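In order of appearance the chains are A, B, C, D and E, and numbering begins at 1 in each one.
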Amino acid sequence: MTSTKRISLYAVLIICTAVMMFPIFYAFSISFMDGEEVLDGQLLPSSFSLTNYAEVFEKVPLLTYLINSFATSAIVMIGQLLVSSLAAFAFVFMKFKGRDFVFFLFISTMMIPWEATMVPNFMTVQSLGWTNNYVGLTIPFFALAFGTFLLRQHFKTIPKELYEASQVAGISRFRFFWNVILPVSRSSLVTLGIYSFLTNWNMYLWPLLVTNTESARTVQIGLKQLQTQEIASDWGVVMAGVVIVILPTLILLFAGQKKLQKGLTQGALK
Amino acid sequence: MNAARELQSVPAEEQQPSKSRFAFLEGWLYLLPSIVLFGVFVFYPMFRTIYLSFFLADQIGPFEFAGLENYHYILSSDSFQSSIKATVLFVLFTVPATIILALFLALLTSEKIMGIGIFRTFFSSTMGMSVAASSVIWMFMYNPSIGVFSKVAEWLGLPVIQWLQNPDYALLAVSLSTIWMSTGFAYLIILGGLQNIDPHLYENARVAGVSYFYQLRRITLPMLSPTLFFIVTVSFINAFQTFGQIDILTKGGPVESTNVIVYSIYKDAFINNDVGSASAQAVILFFCVLALTVLQFKLGERKVHYQ
Amino acid sequence: SGTTEDGKTEIIFWHAMGGELEASVNEIVDNYNKSQDKYTVKPVYQGSYEESLTKLKTVAGTEDAPAVTQIFEAGTKQMIDSGNVQPVQKFIDEENYDTSQWEENISSYYQVDGEQYSMPFNSSTPVLVYNKDAFEKAGLDPENAPRTYSELKDAAEKLTIKEGDQTSQYGLSILNYGWFFEELLATQGGMYVDNENGRSGEATKAAFNDEKGQKVFELISDMHEAGTFYNVGQTWDDMRAAFQSETITMMLDSSAGVKGLVDNADFEVGVAYLPHPDGVDPQGVVIGGASLWMAKDISEKQEQASWDFMKYLSTPEVQAKWHVESGYFAINPAAYKEDLVKQEWEEYPQLKVTVDQLHDTVSSPATQGALISIFPEARQQIVTGMESLYQGTDPKEALDKAAAEVDTVLEKGSRSR
Amino acid sequence: MTHVELAGLKKSYDGKKNVIEQVDLKLEQGEFFVLVGPSGCGKSTILRMIAGLEPITDGSLFVNGTRMNHAPPNKRNLSMVFQNYALYPHLNVEQNIMFGLHTKKISREEQQHRCAEAAEMLGLADYLKRKPRELSGGQRQRVALARAIVTQSPLCLMDEPLSNLDAKLRARMRSEIRQIQRKLGITMIYVTHDQTEAMTMADRMMILHEGQAMQIGKPLEIYNHPANAFTATFIGSPAMNVMDAKINPAGIHLSPQCTLPNPMKSSNKEASKQILFGIRPEHILFSAPEQADAVVEVVNTEILGTETLITFIMDDPKKQWIARWNGQWQFSVGDQIPIRFDMDSIHLFSKDKGRLLWTSNEDEPNQTAREVLR
Amino acid sequence: MTHVELAGLKKSYDGKKNVIEQVDLKLEQGEFFVLVGPSGCGKSTILRMIAGLEPITDGSLFVNGTRMNHAPPNKRNLSMVFQNYALYPHLNVEQNIMFGLHTKKISREEQQHRCAEAAEMLGLADYLKRKPRELSGGQRQRVALARAIVTQSPLCLMDEPLSNLDAKLRARMRSEIRQIQRKLGITMIYVTHDQTEAMTMADRMMILHEGQAMQIGKPLEIYNHPANAFTATFIGSPAMNVMDAKINPAGIHLSPQCTLPNPMKSSNKEASKQILFGIRPEHILFSAPEQADAVVEVVNTEILGTETLITFIMDDPKKQWIARWNGQWQFSVGDQIPIRFDMDSIHLFSKDKGRLLWTSNEDEPNQTAREVLR
């Protein structure tokens, strides 16, 4: 690459970064402001005071919430990866009657508005006695049509010679799945893992429904708890809450950056 | 000879029909966890939804059979028609823009240059933002009195637009924030797809000396087609189901200009306590999206190149 | 819920108070738990009013149902109809509890056919909030806020500052929220629905699209056309931000929000009664906010605990604290005599205005408020109507359309159980 | 004992054109069977059908007498070297080689041992920890080979397993593979384009052409008695010269100047007839001018080191003949040289179907040792 | 005119071990240069560096006198056949062949024409609309070849372009490639494992061993005068026999029973010394018993059709010699046969480095035609 090309590439990258990251930066900035500064519409706080953050932690037991969110997100992530990859494997590498029909049935589940299923699901979970604990927060999400679809798309790009070679070697399907398909699909698994973790992390309505105690609640409820309806919200505090809620995920993304890159590139076949 | 002995033990399908039946069952075995969970948490509620759509009902259950009344009411109401319009517009505003933006960013960062990792992280970071958190931030940015958009407009001497209060702009504003929120994930997916393309394919193109865009059109996009097909399908479905940002930013207003179907479902089910109507809308939405997706699979997947 | 280890009866209390208010609620509950040794109350935040109502409906009658739930005023009819509530009248009768210590204008909202269903908890009313500094600059008397529509229009005219076709300061804003329309209607003595606002029988038709309702819509429409009215959307915080940043100089706001406004504004904030059309005798206001409901089918002990807790809440001391911290009214007017409140009022004289307005209210079906189960939807229709005004829709047409929609929904709702 | 039998095997990919037309074949236990044929004739397809990777369109596949048309590959107990290797990109060489060994129910040490042995034999010992993408083409191919060898399956299919190796290594591999195959009594089906491999390794071989078996037999038999012109030209490198000629009782007329005696005594002594005249390049001899059958014009000489290929024409510049002589010869283009045809080694084929009409050497190859002068 | 020059080229993949150690090479415009060497010696790596696909670790690459180490591949104006083909799986054969042709600024018709011509020549005309996965291995390779041919770039790199083709087709391709290359004056760098290709196509060739050039020169020169034992054994198939021997003024002692006269007259006539004795299989002759240099034991015979390879041992069973005789010979294992060494064709190498010490045939290959008896 020539150096002019390189410089212009960096320039474009920096502009894009500025645009994409602005809202996040803005939230950070506001989280340090006091009420008046916020209402003045300033872009930067005049001083970096942490009082908003202190207040957030005072108001809601955010630490417990963070731990709960983390644990449930991790569990859902693992569950989804397992269940979806098993299903996607069947869809790509096995021929059986009704396969396409079932696949479409799976896809169709993505089209059902979550709002329509929430209440019946809540009743199901309640009758199973799963409320107020991780079971109710996680199990219903283990099956994920989206994840199955994502992995199916990836599995379909795996050269079929690998399957043939394993077949000839007399390896069981499951072993092929476990020892070949999963490793070579690392990039998609990483992507899906991040997706399911974050989706679960960001869930609000369902955890609110199935939990009644603070000990089982998650951060998004905490975020909502910071806002009031009729009287004025304290924007600095709300933004501090927003920052606290997104910070773990951002840190996770940044810290996992190396791993993520590696996962993405190592998936490269051939 | 031991090889010969081994031979004798080769089981043949004709002799062991049970084995072949197992092979058939094996496929279903892999699907079992999904099927059970879907059955309980998706299909059961869906059938319940379909059932309820023929009743006057509230959260607890049906109380009066209504036949097609719910459907009739919905299809003849202005508000549902504006919902359809809002939904379609919303999908058209968000899906292409998100994918093109994500593709653009992914292509930019697929070059192996120094510090590219940090840019990749930046660009994927919006997927770490919850809808609730992002919406709060955007609501703030859109605020006509103190938000950054109006500040910039003032500074540039442009008229201040009431993004969320003006029915002409509200949907656009919600779409803009949605594009921002969904770009991160689409970006990551597309980047993953790009990384998966066999680098040998580019070697020949490099030797042949074709232009960047030719390479993009003839190699990258076709090889990326499974990924693109996925992200387009999923973005479509997601766009049809957008709810969170509308709830926070506009609550379906002004003058129902952002009252997309899912929001209308939510309102009927959770606020207006009219589960029958909500169910009927859900059923209509379901079949519309289903039809579109079937169409997409039929038309789209033919153009997709798998290995 | 049940009994705790140390033999106390435990009850669950669901509420929808986020932010600062949650801290207050928790403190009050804490104080209550310490104040006696028979009962323990556990407060649980359950999201917004709508969310907690939805959740309550799905768990009603099961183990998970709370003993006491905070429900917003618009859910009153739904709660009564649900059949899952225990009217507090039972305990009032049993104990001969003196309800006269309550603010009548508040408790009457939750009375149907003379029966007290729930216990008022957090109540507020709308007031006109204005920027005294701006009044002064515009040559208006900051101590004399407009009372009638024509005064309002006049003042707004003067307060509006235009530079070319850019307006940098507007006269008035009313949040696109059905509650304000209801209030502006009620203060004229107008009815929202038929059958005496649904209190003498099931409401069957919308009544708000009469002349009185039209006056409200016309006011908005006229002022918007004149360029003195600013549309702030439907978010409370947006409206307040516009006020704080002096984009608008007058607005209708909840009495509960007044204190926060005074705190955050770098100008003098004035509070006045709700304006009314010329030539009308103002009837006062309807209360908004929420009340506490007791669940049916809970154990005797839990009922007692709930009732005891409710009584505790209505003591003057607790109410004083609640009023000062939240800005909501004290349901027990005796609270206003507490030192705590007096001090507060000295600091925030604006608060007194809100209380006075409530006291001056004439109790009638109009100011008692409408009793319908489809309130949330009716409010959405009004909001849509208000929004369409900014698009130039004729006020009458907008209102009639909303009324027609409400009629349909009422009809449908009447078929529910 | 018959191990593998193909009965009327047919294959069509598109449901219209048959890529394999009716192949019948019986393989004995422990036989080394080589499959050769032009590129695209269907060799890989046959292997893939035997392995169960490609559905059989028609006909039957028997293994040990059992019909196996529909058995899944892992039930067929065979190993295979794929033409494009099919290595697992995420596993290193060692893991690739051992992948699947566990199914054979052998101890961990034995697995290690076999892997080390195979790696040693194939010169991969230094590369055990590398990923396939860090290997050269030939190294990849050797990994694929090692993977098949270690399983010691009773049936082994190899699809051009040595094509990317150098001659020296290939020579070693040839004998190693043959040894292992003999030692373990493996039945081998081996696809190759290399004449030497085909000739030296095969117990029997089949020549495939457009999905049809042209000839099946022992390599030498086929070399010496090609059933038709196709086989004749296909086996032997450089290929046999096959040219149009006219035959009548008087002789074989190759060109106006060149007539050879007609060796056919019995039948077919009728009138003049078009036939195909075939002679291998090594049977066209440099001759003393007085004994020459023809004097021809050199078009090209290629010196291969030990031997020289001389391309020449007689009359018709389109008909290029090739002669192969030991030693290094240098002619200039246009040189006129006298040549002689070894009449004991000519082949005559029918003009239409290319069927063999006549050849002299019906006997087994010379049993007596004859000195070969340089 | 020098077209391509490699000056001290080095390459290391891991920054530690050099895969290519110092290669120096000058290629003339229009030269056909063949690169041979054992699998994994670095041939593909050199091509990839020239193409600009692999960064050069050290040294310089000049094209037409300009240093091109960092020029992007498309600035180098070359075409390449990849060892693994690198076909586009989503494009059909025709699209694959024409890929990138538009950059050459030639008309659409010319593109079509070249594509049709190449397809015709490579026997792909029937497959133009197929996707690569529907092709056989050899067909895929031909597509890769076609793709390089149509561009007619002045520099062409081919990495084992014919390895998956049958002998007949390969022979045709050889001459076609050579013709095109000559006609267009293309400079060609050609990697192959096939001895015939190397010998017949190359103007010059290089033998690479572990990243080092062992010898560069004309094919025949290398064949006749291998600079060292490695080259000697690498070129020629079957390989030259290279065996330990002791030399002293009295003679060369191959085994207790076999001593040959010492041909070296001049220097090195000192005391007894260990050397390597080399002789090509074709120079070990079957002998009348009375003239025999040794009587040896047959270990194996491989009849290739035209010729026979006889593996024998003298004394030490580990030292297997190979002789190659024309015709088809059949011996049984254990047969004792008399042989003779053609003393004009022996090579002596130093024991330590394998450097050539002595060889007889210093002269050019025989100019006079000699009759070769069958």
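The rule is short, and it goes like this: a contact is a pair of C-beta atoms (placed from the backbone, for glycine too) under 8 Å apart; a residue touches a chain by one contact, two chains touch by 3 or more.
The structure presented is a predicted model; accordingly, all values stated were derived computationally and were not measured.
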| item | value |
| --- | --- |
| Set of chains whose contacts include both chain D and chain B | A, E |
| Fewest hops from chain A to chain E - one hop per pair of touching chains | 2 |
| Chain pair whose interface holds the most contacting C-beta pairs | A-B |
| Whole-Å separation of chain centres (CA-atom averages), chain A against chain D | 58 |
| Distance between the centres, which are taken as Cα means, of chain C and chain B, whole angstrom | 39 |
| Centre-to-centre distance between chain D and chain C (centres being mean Cα positions), rounded to whole Å | 95 |
| Where chain B touches two or more other chains, by residue | 59, 143, 145-146, 200, 270, 307 |
| Per-residue overlap in chain A, given as positions that touch at least 2 other chains | 1, 39-41, 119, 159, 224, 235, 268-270 |
| Interface hub residues of chain C, defined as touching at least two other chains | 51, 54, 58, 241, 244-245 |
| For the chain D and chain A complex, residues of the former touching the latter | 51-53, 72-80, 82, 84-91, 99-100, 103-104, 133, 147, 151 |
| Chain C partner contacts - residues on chain A that touch it in the complex | 35-36, 39-41, 58-60, 119, 122-123, 126, 131, 205, 208-209, 212-214, 221, 224-235, 237 |
| Touching residues on chain E, where the partner in the complex is chain D | 13, 36-40, 42-45, 83-84, 123, 134-139, 141-142, 159-160, 163-171, 193-196, 199-200, 219-220, 223-224, 233-239, 280, 282-283, 285-288, 302-306, 309, 324-331, 337, 342, 365-367, 369-374 |
| Residue numbers on chain C that touch chain A, as the complex places them | 12, 16-23, 44-49, 51, 54-55, 58-59, 62, 64, 124, 236-237, 240-241, 244-245, 254, 256-257, 259-261, 263-264, 266, 288-289, 326-327 |
| Chain B partner contacts - residues on chain A that touch it in the complex | 1, 6, 9-10, 12-13, 16-17, 20-21, 23-24, 26-27, 30, 38-41, 43, 82-84, 86-87, 89-90, 94-97, 99, 102, 104-121, 124, 139-140, 142-143, 145-146, 148-150, 153-154, 156-160, 173, 187-188, 190-191, 194-195, 198, 201-202, 204, 220, 223-224, 235, 238-239, 242, 245-246, 249-250, 252-254, 257-258, 260-261, 264-265, 267-270 |
